[in-house]
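We just call them A, B, C and D in the order they show up, numbering each chain from 1.
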Amino acid sequence: MHKVKETIFEIIEGADENGSRWSRFFDLFIVGLITLSILQVILESYRNIYTRYAEQFHALEVIIVVFFTIEYLLRLWTAGLKYPQKGGMAARLAFVSSAMGLIDLLAILPFYMPFLIAVDLRFIRILRVVRLLRVFKLNRYLKAVRIVGSVIMEKRSELSITIFVTFLLLLLSSTIMYYLEGDVQPDSFPNIISTFWWAIATLTTVGYGDVYPVTGWGRLISGIIALLGIGLVALPTGIISAAFVEELEKVKNKKTKPKLPEENYRYCPYCGRPMEEH
Amino acid sequence: MHKVKETIFEIIEGADENGSRWSRFFDLFIVGLITLSILQVILESYRNIYTRYAEQFHALEVIIVVFFTIEYLLRLWTAGLKYPQKGGMAARLAFVSSAMGLIDLLAILPFYMPFLIAVDLRFIRILRVVRLLRVFKLNRYLKAVRIVGSVIMEKRSELSITIFVTFLLLLLSSTIMYYLEGDVQPDSFPNIISTFWWAIATLTTVGYGDVYPVTGWGRLISGIIALLGIGLVALPTGIISAAFVEELEKVKNKKTKPKLPEENYRYCPYCGRPMEEH
Amino acid sequence: MHKVKETIFEIIEGADENGSRWSRFFDLFIVGLITLSILQVILESYRNIYTRYAEQFHALEVIIVVFFTIEYLLRLWTAGLKYPQKGGMAARLAFVSSAMGLIDLLAILPFYMPFLIAVDLRFIRILRVVRLLRVFKLNRYLKAVRIVGSVIMEKRSELSITIFVTFLLLLLSSTIMYYLEGDVQPDSFPNIISTFWWAIATLTTVGYGDVYPVTGWGRLISGIIALLGIGLVALPTGIISAAFVEELEKVKNKKTKPKLPEENYRYCPYCGRPMEEH
Amino acid sequence: MHKVKETIFEIIEGADENGSRWSRFFDLFIVGLITLSILQVILESYRNIYTRYAEQFHALEVIIVVFFTIEYLLRLWTAGLKYPQKGGMAARLAFVSSAMGLIDLLAILPFYMPFLIAVDLRFIRILRVVRLLRVFKLNRYLKAVRIVGSVIMEKRSELSITIFVTFLLLLLSSTIMYYLEGDVQPDSFPNIISTFWWAIATLTTVGYGDVYPVTGWGRLISGIIALLGIGLVALPTGIISAAFVEELEKVKNKKTKPKLPEENYRYCPYCGRPMEEH
């Protein structure tokens, strides 16, 4: 019995380079299901296609959800092997509350929800694309993922400051702009929250062109915000660049620990006595 | 008496990691007031809400301003402890003329202004968001703030050059564009200053789409400016990236000061004999 | 006979700094032809010009294609010298299937295609611009090309992750946006694939302004995507910056290999006595 | 006589930190004139202002040009002291053909041109803003300018490659887009050159929104170009960042030449004999 559990765990979890043929097949199968499910969501968005193949789509959905449910239950069952330090129930909770566990749940929940509540949660299915991140388990990208991830984690405080300052900037500019343009263009700048739309479009230099200032002062502020937008790009980029440089230097130092010259002299460089003497 | 002053100073100023429980509470209280006040400014911008709850808003404003005024006076009173090297009056002036001091004043002034002048300065209240920067006093972001700040300060001359060159570029392109498009689109390019609006929208790659060239030459210039806009992003980003790299190297060097062998040891670092012996 | 082959190979291939006068002339001649051909493609796009000078254009095309065909055959003939390790036929295949070989073929194929199939492939001729990359063979840019190329190759896994995540982000935002705006603006967001158009325009901060959300939730998502677009710029830029830094450090280390003292000298580097002496 | 020349040269050229009071005054005077002249150009662009104060503007122009002409002649006269290694005439030619010399000439030429040719060259006057670069002579920005300049110069080959590739990309996408959209939107994509306008607006992510694809294939290409636009930002930024890092490391190495441990030992670290012995 316990043997079976381990084998299954091997198949559904241990799918890296040295994973067994079965685990590889399993992963590819899941990836296939996900891709299929995404295509379905996309095709359903075409009204005419949906109306014509409604029941086929439903059938496919049932099949996909069945497989995903089985997978989820298996992961739940073998959670104990994933978190060995934890006990049976605690391990299961750990898995359910883990990021990937929640996504796995969200991938099947929308199917069961309609029986419970009326809201249409079908579009949550698209979250299954996130499950594609499991693909990285399969291949050589894992290291790169770790690097990118650790870089972002390391600099999270610097980055969150830029985000905070950005937010203050958006709030400030929106308010000022509302007081400058609100009376001239009440439709475009009806209130401060709506003005946020303009502020973001300007600061990120998207500039849809649906909302823009027409007064002289408004344009001045808008120009300043747009120029500050450059800084908004420059700051995080600089932070991340430096972090990547740091990262690669760490790696380098690890692999090539420089041999200091004062090591293994045959004679003491200071008092000149042969080192054996001591 | 002096004891009281110090205690109060402790509470309103000394609010970092090792700050007392009271000072922490005080900071949270102020942050709460600021947030409340910002929400108020935003809600007031909804005309229908404002018209209905006008007096409630006014009452809230009075409360907030009262607290901020008390805080300001306390800071003014305890300024002597903030700038110990300075005398009573000089210290107070130093605080009033300090960046944060001015912001604190601007946070309450708009309330008292109407009694003095007619202009509506209510929107200056939004500057209270800047006071939120005090939040950073509370938490672990302080170090990151210092790094980001010092990076920008260190490279201010390089950055101001890019700003200056950007300004020249804007002026040049605006003038040229005015002479190229002014006659064709007198409404979009009526004069050089108005053409600045186009120049900034193009150089920052915002491109609202309200103003754009239609003549061949105008489009050529516009394309060149847009491409130069890439450089406008690349230069400061490069400068800031390098500055961050420099920063982290400094930190590294500080923490791992290499022990140079030519330092004059009292004992030989290799054989441990007193150096005098030789 | 074989002598001729080698000379021709010298002329058409060995066109770097130390290339013969003939090979330089040959390269310039080809570059000239390419430029001419590009000008032709551009001019043909002017309908009035095309209708008037149709036969002249055709004559020019014939001449260009003849030369390119001769060049291609010569390259095919001398392929054996380019891939010496391979045999005659294998070498020819290697050339034909090489990137540059395919481009060379595409440069002449459209001319012969009409006789075979009906489709108008004239516009493929523009691919001849890619042949201009041969220009780099001529000049001092070769080294820079190698650096840029190797940087991109080295970081391809990191970069492809950002691309993959970008794709996921586009898919997620498109689906959410379709469900948010699809009913309000059926023309702008008719289905998920069409919504991609909005997603890309927003994430890359192009923001044409032909499609943009109007609902509050839609604008919120749009703003988030636009802000994430900043990250989309910051991440690859950071990766590439670090790669360039790495690159230049490699070069530095190569050129200034530090002479470590622990290398076993035959003579003492300090007092010059043969090390055997001790 | 020669004494006078040197004094004048001192005044108009030697205007850095250790420049005399007169030379400082002279520089400020010139900067004042330039600013005045720029304001004039801007104000003239306001038609109503120009029509009213036409003769005042002309008078001001005469005054400015007179001063600039005198300055130019003085610089021409003292060119021999600027290029000591060159002879009188050669030195003058060197100055005239120098970048700053040409700008100085362009700053006054438009005034004299109308007597010669009919074309209105007034707008060239705006080039006087470039003369403001002389301001940098005055202040501490000189070093930063050198750094930024040298960085760009060092990496000019890498940067020109990105520019070249960008150009190829623009040409390719324009042609493809012309063939995809030309028939659907003949007004927006009439020919390849006009399509360049769309290509640049997309690649630089300006996206005015006056021209954009409507067909599925067109939007696909447009999306790809927009995404490649990110790379267009990332590459030069990366190059420049690395260059700045290189720059600061050079400076560091210069100022802090690391003292190698094998320097000034009292005893030879290899054979152990006292260094004096040799």
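Everything that follows uses one rule, which is that contacts are C-beta pairs under 8 Å (C-beta built on N, C-alpha and C of every residue); 3 or more make two chains touch, one makes a residue touch a chain.
Every value quoted in this text rests on a predicted model; they were computed, and no experiment measured them.
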item: Most distant chain from chain C by Cα centroid; value: B
item: Angle (degrees, nearest 5) of the CA superposition of chain C onto chain D; value: 90
item: Cα-centroid distance, chain B relative to chain D, in whole angstrom; value: 30
item: Length of the line joining the C-alpha centres of chain B and chain C, rounded to whole Å; value: 42
item: Touching two or more other chains - residue numbers and ranges from chain A; value: 201, 205-209, 233, 237-238, 241, 245, 261-262, 265-266, 268-273
item: Contact footprint of chain C on chain A as seen in their complex; value: 38, 41-42, 45-47, 123, 126-127, 129-130, 132-133, 136, 140-141, 143-145, 147-148, 151, 166, 196-197, 200-201, 204-210, 232-233, 236-237, 240-241, 243-245, 247-248, 259, 261, 263-264, 266
item: Contacting residues of chain D [partner chain A, same complex]; value: 205, 207-209, 237-238, 241, 245, 260-262, 265-274
item: Complex interface listing, chain D residues touching chain C; value: 157-158, 160-162, 168, 171-172, 175-176, 178-179, 182, 191-193, 201-202, 205-209, 212, 219, 222-223, 226-227, 229-231, 233-235, 237-239, 241-242, 245-246, 261-262, 265, 268-273, 275, 277-278
item: Residues of chain B that touch chain C when the two form their complex; value: 205, 207-209, 237-238, 241, 245
